[in-house]
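Below are two complexes that have chain A in common, paired first with chain B and then with chain C.
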Partner chain A sequence: MTTTIVLQQAINGVVLGSLYVLVALGLTLIYGVLVQINFAHADFVTLGAFGAYFFMHLIGGGYILSIAVAFAVGAALGWGINAAIFTPLRHKGNELLPLIATIGVSVMMQNLMLAWFGPIPYAFETPYSSQVIRFAGIFVTWQNIIIIAVSTLTIVLLYAFMKFTYLGKALRAVSQDRETAGLMGINPNQLIMLTFVIASALAGMGGAMLAPVLVLTPFAGTSVIVKAFAIVIIGGFGNVEGTILAGLIVGLIESFTTQFLDPGLIDIVVFALLLLMLAIKPTGLISERREENV
Partner chain B sequence: MTMPFRALFLGTIVISLFTVGPTAHAQDKTIKIGALFPMSGPGSYFGAQDKQGVELALEQLNKAGVNGYKFIVQYEDSACSPLPATQAAKRLIEQFKPDVIIGEECSDATLAVMPVVEQAKVPLINAGSSSIKVTEPGNPWTFRIMPNEVMQGINLAENAAKRMNAQTAVLLFENTNAGIGNAQVFKDNFTKLGGKVLAEIGFGRDINDFTSIATRVAGLGKVDVIPTYTLEGQGLKITQALAQAGVTKGGGGNAIQIGTIWLPFGFEQKAGKAALGYIRIVQFDPTDTRDVAKNFAAEFKAKYNADPTHLNAHAYDQVMLIADVVKRGGKDAQSIRDSLAATKNYSGVTGSVEFDKSNQNIKMDTIHYMETKPDMSWTSLKWN
Partner chain C sequence: MSDPALAQHLLGQRALLRSRWLGYALAIATIAILPLVFNDTYWRTNLTVCAINVLLAIGLDFILGYAGQLNLGHSAFYGLGAYVSTLLIVKLGIPFWVAFIAGVAFAGIAGIFLSLFAVRLRGHYLAIASLGFAVIVHQILLNWISLTQGPLGIYGIAPPPALVIGGVVIADFRNLTAFFYLVAGFAFLSYVLLSQLVRSPIGETLTALREDEVSAASLGINGTAWKVFAFGVGSAIAGAAGCFYASFVGTLVPDAFFISEAFNILAMVIVGGMGTLIGPVFGAILLTVLPEVLRSFGDLRLVVYGAALTFVVLFMPGGLVQAARVVGEKLGLRRSP
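Let's look at the complex of A and B:
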């Protein structure tokens, strides 16, 4: 086994892990603030991917701009669905209702996309997918570089938003104690909406980043969402730093399992890790008190 | 009721009987075809294209009917997966009561459906599942018009070793009955012919990124051929990843991807330059000069304004074979089964059909080799 191959698989793992992080961040944000799992998150990813695809193929837009379009598509969708479906259900006081509604929204969106876009896989090519940089036996596409750059930038901006802005601090306050935050003049409903919009925008953007890697069909997002859930659990539900770390670890596990074991064993290894975490450290990789999350 | 009124009433009934009679008779003379196609999930592109082929065949057949019979089809989503396929088959049989069923595409789904059709005594015509288990041991009610994995695998291994002079191979396959079976047949026959298999890499249908697999292949040294057995979506990503890793011709390497009947037409255009040199078996040769193939291609183009794919073609063939059986006296499930078994030299658009004792089509002219050219079009290799 040469160092080159190990290095190459490490790069592959970081790229894949960055993609997982983009998807998992939205899930963890929503859980951190609402203590709710969004089963429709995968479909926000898919719709973001289609948004980027059609922006490029129907309007002739560039790929980089299509990432922003997918971000906007995700944000708009998150706002619309939260306002129309989740918020009214949340006001009924039964926490199960919005949770079940996310499953309904997921099935509905998948079938709507199937009706609109058809079942045949779309080839989402970007000018950067086929531009390969080769150096000392290592190869990396420009697409991969864009994935790592955008993921890093997103993480930095999200971190800065949470730590240094009023809205970010307010979000953290709502996640710690919704009622007390309300007494301090913070409108929890507006911040829950903001959380949904940010999480959905991240999912949409993740779709645009994933689409050239994934097989783009109406079911594209569902193929990564199970891994994203695993990442959120391994990282610590609602914990952003833990999610980032877990995403990268899962990406690396996938590449090295492929190299040294067998790709057919990837899920076994990842989910064995998940079970191990639940058994040994159920709070996740970075354990904090729940109120410190987000 | 007065006499004149009674006469009028009875007269109306008699006239109605004469008028309605033939219509009711025509409605009775219907062959019901149940279609088990994947309409959702990763194999749903099969269903979409199968349906086009079926609809074209129905349109042609129902213009005049066959032996006084018209054909109707009920579609059910079998999702390329055993459980939904079994449920769909049961729904069809209980509610639609078909005389014959066509489908499924994926071997695992077909294998799951087979006991259901056998119990209901409804013949099943399959054109897309290559697993040997479909016909060996198979059952008396299941017929396959496509070449099975052994027929394709032996032929592919022989051509790789003898025509392409390949000495080394890496096998890439999805972990399903068909994927594993196809890879195993190739391995057995390629090694018998002196070839060496450097690695067998199986993966689940949930794998998205194939860069790591391509990296592993790149680290295996000189690879001549890469037999690949996956559905279209993963196939696209594998082809692109292998090119990015510089393994295949499309990425400046020397290896050539080869494959049996898995991918639809149009795959090369989606994969782009990465598909350069890919050699694969397809079920329908668009350069076929037989009238039946040329007419099909022309009529498909006229209806859909697109060139037919092999999925369109094999779905069309399934319905046309049923029509041929009805022409030979098939009228219900049992007689259709018996006539199917007696089929000799039926000429379809994908090739000829003649079943052996296990109901496997034995005709090798259903195997057509295509090579992807630099402009992403095909050269028909005419190896069979």
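Let's look at the complex of A and C:
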């Protein structure tokens, strides 16, 4: 009996965790290239979810296709925010201002959504959530299988892109040393834009898959993003492998806290872990040597 | 420095000092007159909310603008001040002002706890750590139901007891005007205290730390102690704001201290002008009054916070203070430096 529960919660945790990984990877990628935190990332998640919702309910599209729509919504938003906010601010050379600007953009987008969509949660239902496969006392929905398949595929593709393509290598080069990469004939501005678009598209896509488990309101993204920040720090800022590992750990913590403790304690456990991590090992689970200029 | 230049400098200093005292006198006069001008309940309520927000903004500005520590968890200290003082009053029957001091002290100690992270972490890490701290505090308030009654909230919190001297009631805080004078007076005193503090060598030390920590350290400045100090003072002021808030509104729910509240306080500081004390005062007033004026726009009015924050950062990073300076120069009131 207990083994089934543990196994069941492990599956739930991995499903949830892989969605957190999608969201957190975007933050890590942006941090790697720009050394910036993007608070508006939360709203890419929310708007991705709303994009998928309206695609299904207004146009009558299918759920799988709506994930692609959310991907596109996220990409478009990322492009817009980078062009409008990050690019002009980057030239001012201040660390604090872009961060505060993204908080401003986030608050603005949330309240615009509040004005348009209202505060009442939307019921996001997918046909796959009710199709259950039973196996040795464990329940797996088709929705879970879709989430695992899509996020694994995305992460593998992203990894291959970073590892084997010219653009991916250039991207890593920029995140290691922007100036030297520029000297090697890489245009950092284009790559920063590319990073932003990829990161935001991942967030949008994550939103479409998180929507059925979230309470879909204009503020839905906030609850995800604070966890994503925790994941990014626990995994080590800018570290892709660390982020994946930390995302899965947080997903597991969430499912096991829900089962054995109290769902209300999830954030407390996650953030206590975060503060502990910051106090003991701020460089994250998998630390990377990063030199700091004084 | 040649003698005439020195004389000029001293004269300038004296003029500055005189204008500061003039400014204080003007502020007292304004506080005294405001409730007489706005004589309906609605605006008098807003006046007190303004005063509470001014407290929050100047407290955060001391941490953010002077000590340069990006604190995204100011709502936590606000909430701790509110809940600690209220719980002491409601559960243990402790007198208001004793509970007030306890609330302020608790918030200050929480600030010092968070500053221990600030000492080790920089910039983005501190931003996330403080955000995480605020999330934890909010979740504790929400989930420790036996103590805080969680989302149901605490109701019927009494206002501070009337001020009675020799059997004569000086101020009854059930009266909105008296309450406004209480909070605004406290905000004014905090402002004067902070402005003396930032003009003293302590302020210069903090500025040196903010601008360049390594150089400051090479001059023998103990960065750790000053960061702890700034966090303690700033969060204690937020705690005081929380105590006033609870006894003013009469109800406490955890969602009043969600992280979005920290972002709103941040907007007040930035819009007013981070790193000046007068800026956040006006930023707090503007961002409290503007959504009220725009009430006919429904939920769309809340966009003001985000829009103001974004546009100020993009086009006028110095906030209202910078705007006033530009306008002053245009009108020829102030010579450009």
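Observations
Convention: the second predicted complex is superposed on the first by the 288 of 294 C-alpha atoms of A that agree within 3 Å, B and C clash if a C-alpha of one lies under 4 Å from a C-alpha of the other, contacts with A are read in each partner's own complex, and residues count from 1 in each chain.
As a convention for this text, contacts are C-beta pairs under 8 Å (C-beta built on N, C-alpha and C of every residue); 3 or more make two chains touch, one makes a residue touch a chain.
Being a predicted model, the structure only gives us computed values, none of them experimental.
In the three-chain model built by superposing on chain A, chain B clashes with chain C.
By the touch criterion stated above, A:L16 is placed in contact with chain B alone, chain C being left untouched. Looking at the shared chain after the overlay, A:F229 reaches chain C, while chain B stays out of its contact range. Judged by the touch definition given at the top, the superposed model places A:L114 against both chain B and chain C.
In the superposition on chain A, contact is made by A:T258 with chain B only, not with chain C. Looking at the shared chain after the overlay, A:L275 reaches chain C, while chain B stays out of its contact range. Shared-chain residue A:G185: touches no atom of chain B or chain C. Legend: residue contacts after superposition of the two complexes on their common chain; A:G60 is shown touching neither chain B nor chain C.
After overlaying the two complexes on the shared chain, residue contacts for A:T2 are found with chain B alone; chain C is out of touch.
With chain A as the common frame, the single stretch of chain C that clashes into chain B is 149-157; none of the other options in 113-121, 149-157 or 293-301 do. On chain A, the surface touched by chain B in one complex and the surface touched by chain C in the other have residues 114, 118-119, 219, 226, 262, 264, 267 in common.
Contact residues on chain A toward chain C in their complex (touch as defined above): 31, 35-37, 85, 88-89, 92, 94-97, 99-101, 103-112, 114-115, 118-119, 219, 222, 226, 229-230, 232-233, 237, 262, 264-265, 267-268, 271-272, 274-275, 278-279, 282, 294.
Within the complex formed with chain A, the residues of chain B that make contact are 39-42, 44-45, 47-49, 175, 201-204, 206-209, 211-213, 215-216, 218-219, 232-234, 236-237, 240, 243-246, 251, 269-274. Listed in rising order, the residues of chain A touching chain B in the complex are 1-2, 5, 8-9, 12-13, 15-16, 19, 114, 118-121, 123, 125, 129-130, 132, 134, 139, 141, 210, 213-215, 217, 219, 223-224, 226, 254-255, 258-259, 262-264, 266-267. By the touch criterion stated above, chain C contacts chain A in their complex at residues 70, 72, 117, 120-121, 123-125, 127-129, 131-133, 135-136, 139-140, 142-143, 214, 259-260, 263-264, 266-267, 270, 298-300, 302-303, 305-314, 317.
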